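One chain, subunit A, appears in both complexes that follow, with subunit B as partner in the first and subunit C in the second.
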Partner chain A sequence: MRPDKVVWEEFSEFQAQLTFSGVENTIINSLRRTMMNEVPTLAIDLVSIEINTTIFHDEFISHRLGLIPLNSGKVDKFRFNRECECEERCEACSCIFSLDINVLEKEKLVFSTDLKNLSSEENLLGKSVVPIHNSGSEKSSFSEPILIAKLRNGQRLKLLAIAKKGIGKEHSKWSPVSIIRLENKPFFFLDLYKLEQKLNKKKKKELVEILPNLLQLDPIRETLSYKKRINDKDPYINNTSFNLIIKWLSNERIDSEEFIKIYSENNQILLKIETTGALSNKIIFKNSIEILKQKLNLIGIHLEKIQ
Partner chain B sequence: MSGADEEFLDQPKLETTAESTDFSTTFVIRDEDHTLGNSLRICLNNNPKVTFCGYSVPHPLENKLHLHIQTKEISASEALKSALREVMGICDHVGATFEAAEDQYYREGGTGH
Partner chain C sequence: SQKIKMSNIPNSLDSIIIPDKKEKLSFYQDRKIKNCAFFKIEREDHTLGNIIHSQLLKDENVLFCGYKRPHPLEHFIIVKIITTGKVLPIKVFDSALKDLYIEFSYLEDIFKEKIK
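After this line comes the complex of A and B, so read on.
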């Protein structure tokens, strides 16, 4: 039941993938649920609006402010507001932002960059909490900070926003993941014998040129075969080759479903994590293990008590 | 604080129902859901001394978990304790395997985010 191998791959700053081999998917599902619901982050929780002459009502703007991801790298040093010794709020349990917009031009877009962190200069903890302005991938050309509202000439918006620590179970704005997927690892096989019968010699040469490491062409008998066979069985195709084959087959107008078979082995489990930017993927994974252990520990302690 | 509030805070995290015996117990755990229930159930079912194990969430609006264990030769609480230890062990192992892989990745010159 203990995993023999864990493989971590990072595709970008926000996406990562874990591959487990040799463990049941129930435990991984528990980790997935913990990552989504129980890893604490910071998010705006209390908004006091002084002036709002925009077309959006107060709750609308407060809801949008709550969903903005805030950099929660130092969230462990914050306390939960309900457990703090202060009366209402203090620097140890919350972080305060302000937004003050007075529109003099024709139209103004209010972005997350307009939120000002009101923590004092010495409060490094509070100063570290900044909104994640750009949650897009590096490849996308469109990278702007998060849009909060659009205002017109003469409209005003003035408010104070207080960010607190919380978990996803209470409200999903505190969840550090945007999408998390659990699936069995798929293995791709190509039915070469069947495919050959549909291709002439020129097409076979083209196919071998696309996949030089995988296939070879017998010049005399003009048949395709795999370069390496594992235990006298056809080898499975990796992701990049698979994409090339699909592309080539669609260009040739051949139905790929007839020749490509997808199997999944129970043994290998893929966990794909996409973060909102509040915490990095590694931190989310490590924290979720700690939190799961703490929950088990708590039950153990109470079990001792009732005996 | 009113009397009702105090009663609410005193409610235990873990208790057994009235019909429970040593070898057949239903544990009622507060503030837990399928996250723990399913993992514990799997580990308990792998234990050869446990004859029956099942969990349920009686009502989705109430944050309670019922875990029913029937055993032979050992008491149900012993079975639960060993299952808790086993799941903790798996979590430790996952964390350690991950850190070892991470160290090796950086030692071999990988650059990460």
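After this line comes the complex of A and C, so read on.
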């Protein structure tokens, strides 16, 4: 019942990976579904447009505004709008933004940075809700905020946008996760004995030079073999070496399918999470477990009523 | 809430909110087969159904267990349990829920340790 091992790795600010050993894939799949659909965040839900002389129609701009990820670190303190005691909206259940663009130059690009948070200075809860301007990877040298619309000289756009709390089941704009993948951990196997029959001594040396930590060449018999592993539990070939082998084999015009086999490692499952930026990966995972526990609890309570 | 909608689109909150007339959990004992019960859970889908079903199959007192979502536009699941007779279906269901709760608590504890 108790999981053997759980490993958490963070590749960047927005990407993380969990490795489970000894946990059933049904449980991890339920966690994946919860992370996508049931973890609450904030997103723009109601847009009232005063002036729109752009080429985009009202619903188009509203749809794009809804999809902008908002920083939902304090979403636990917000209430759902349908459960709130106020008449239409209040500070405890929603957050208001405004956008006012009047184009005097030739062309203007409207970014998410142009959205103004209208919450008062004392309302710290509302002030924390800021659009995530940069959800790029480390590779992009400059980070550009999210583009909402492009306007031309003389066009105007003026609107008020209200952000509310919701879950992904209602609309996927409230989903805190952009990509979430569940897969068995792959285990790569390279058939050296078969491969070296096709290579001459020079090629064998090349291969050993590409993978110095993995392979070694016996100088007398001229055979390839694996170097002794430091930790017996580590896999022979990891991801980077595997990619190098594939690249080298394709350069040499050797069919890789004959010599490489991929198996799934026993009982180890990977869960790769990429967030939109609304919530951090750790919080998404922690909240998903809490939400599942609450659901189970609720059904247990109803079951006791029946008994 | 006053939203202007096109005629055929169902309300997106239908899959989340239970209407007043319906119960979250209802229970029906089969009249012909012994120790057979149906549990209807409103506003839940495969997220809960699959883990409850797989946990029930591990119990040695359970002869048959299956769950289904009868229609994608209707938001409830039905779990059918047949036990050997030593334990009632309600008890088996209850212990499956508790075991799942414990397993998630283990995961949570391990995760909190790892973050530190």
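By definition in this document, the second predicted complex is superposed on the first by the 296 of 307 C-alpha atoms of A that agree within 3 Å, B and C clash if a C-alpha of one lies under 4 Å from a C-alpha of the other, contacts with A are read in each partner's own complex, and residues count from 1 in each chain.
Quick note on the criterion: a contact is a pair of C-beta atoms (placed from the backbone, for glycine too) under 8 Å apart; a residue touches a chain by one contact, two chains touch by 3 or more.
Small disclaimer: the values here were computed from a predicted structure and weren't measured.
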Determine, for the superposed arrangement built on subunit A, whether subunit B and subunit C clash or fit.
clash
Quick check for you: in the superposed arrangement, does A:24 touch first (subunit B), second (subunit C), both or neither?
both
Touching A:297, do we find subunit B (first), subunit C (second), both, or neither?
both
Does subunit B (first) or subunit C (second) touch A:82, or do both, or does neither?
second
Looking at A:98, would you say it contacts subunit B, subunit C, both, or neither? Reply first, second, both or neither.
neither
Under the stated touch criterion, which partner chain does A:285 make contact with: subunit B (first), subunit C (second), both, or neither?
both
Could you say whether A:171 touches subunit B, subunit C, both of them, or neither, answering first, second, both or neither?
second
Looking at the overlay, what does A:37 touch: subunit B (first), subunit C (second), both, or neither?
both
One more residue to check, A:13. First (subunit B), second (subunit C), both or neither?
first
Kindly classify A:184 by the partners it touches after superposition: subunit B alone (first), subunit C alone (second), both, or neither?
neither
Common interface residues of subunit A - those touching subunit B in one complex and subunit C in the other:
1-3, 6-8, 23-24, 26-27, 29-30, 33-34, 37-38, 282, 285-286, 289, 292-293, 295-300, 302-303, 306-307
Write out the stretch or stretches of subunit A touching subunit B in their complex.
1-8, 10, 12-13, 18, 20, 23-24, 26-27, 29-31, 33-34, 37-38, 280, 282, 285-286, 289, 292-293, 295-300, 302-303, 305-307
In the complex of these two chains, what residues of subunit A are touching subunit C?
1-3, 6-8, 23-24, 26-27, 29-30, 33-34, 37-38, 81-82, 167, 169-171, 282, 285-286, 289-290, 292-293, 295-300, 302-303, 306-307
Subunit B residues within the subunit A interface of the complex:
12-16, 29, 32, 34-36, 38-39, 41-43, 46, 77, 80-81, 84-95, 97-98, 101-102, 105, 112-113
If you look only at subunit C, which of its residues touch subunit A in the complex?
1, 12-13, 15-17, 23-25, 27, 41, 44, 46-48, 50-51, 54, 90, 93-94, 97-108, 110-112, 114-115
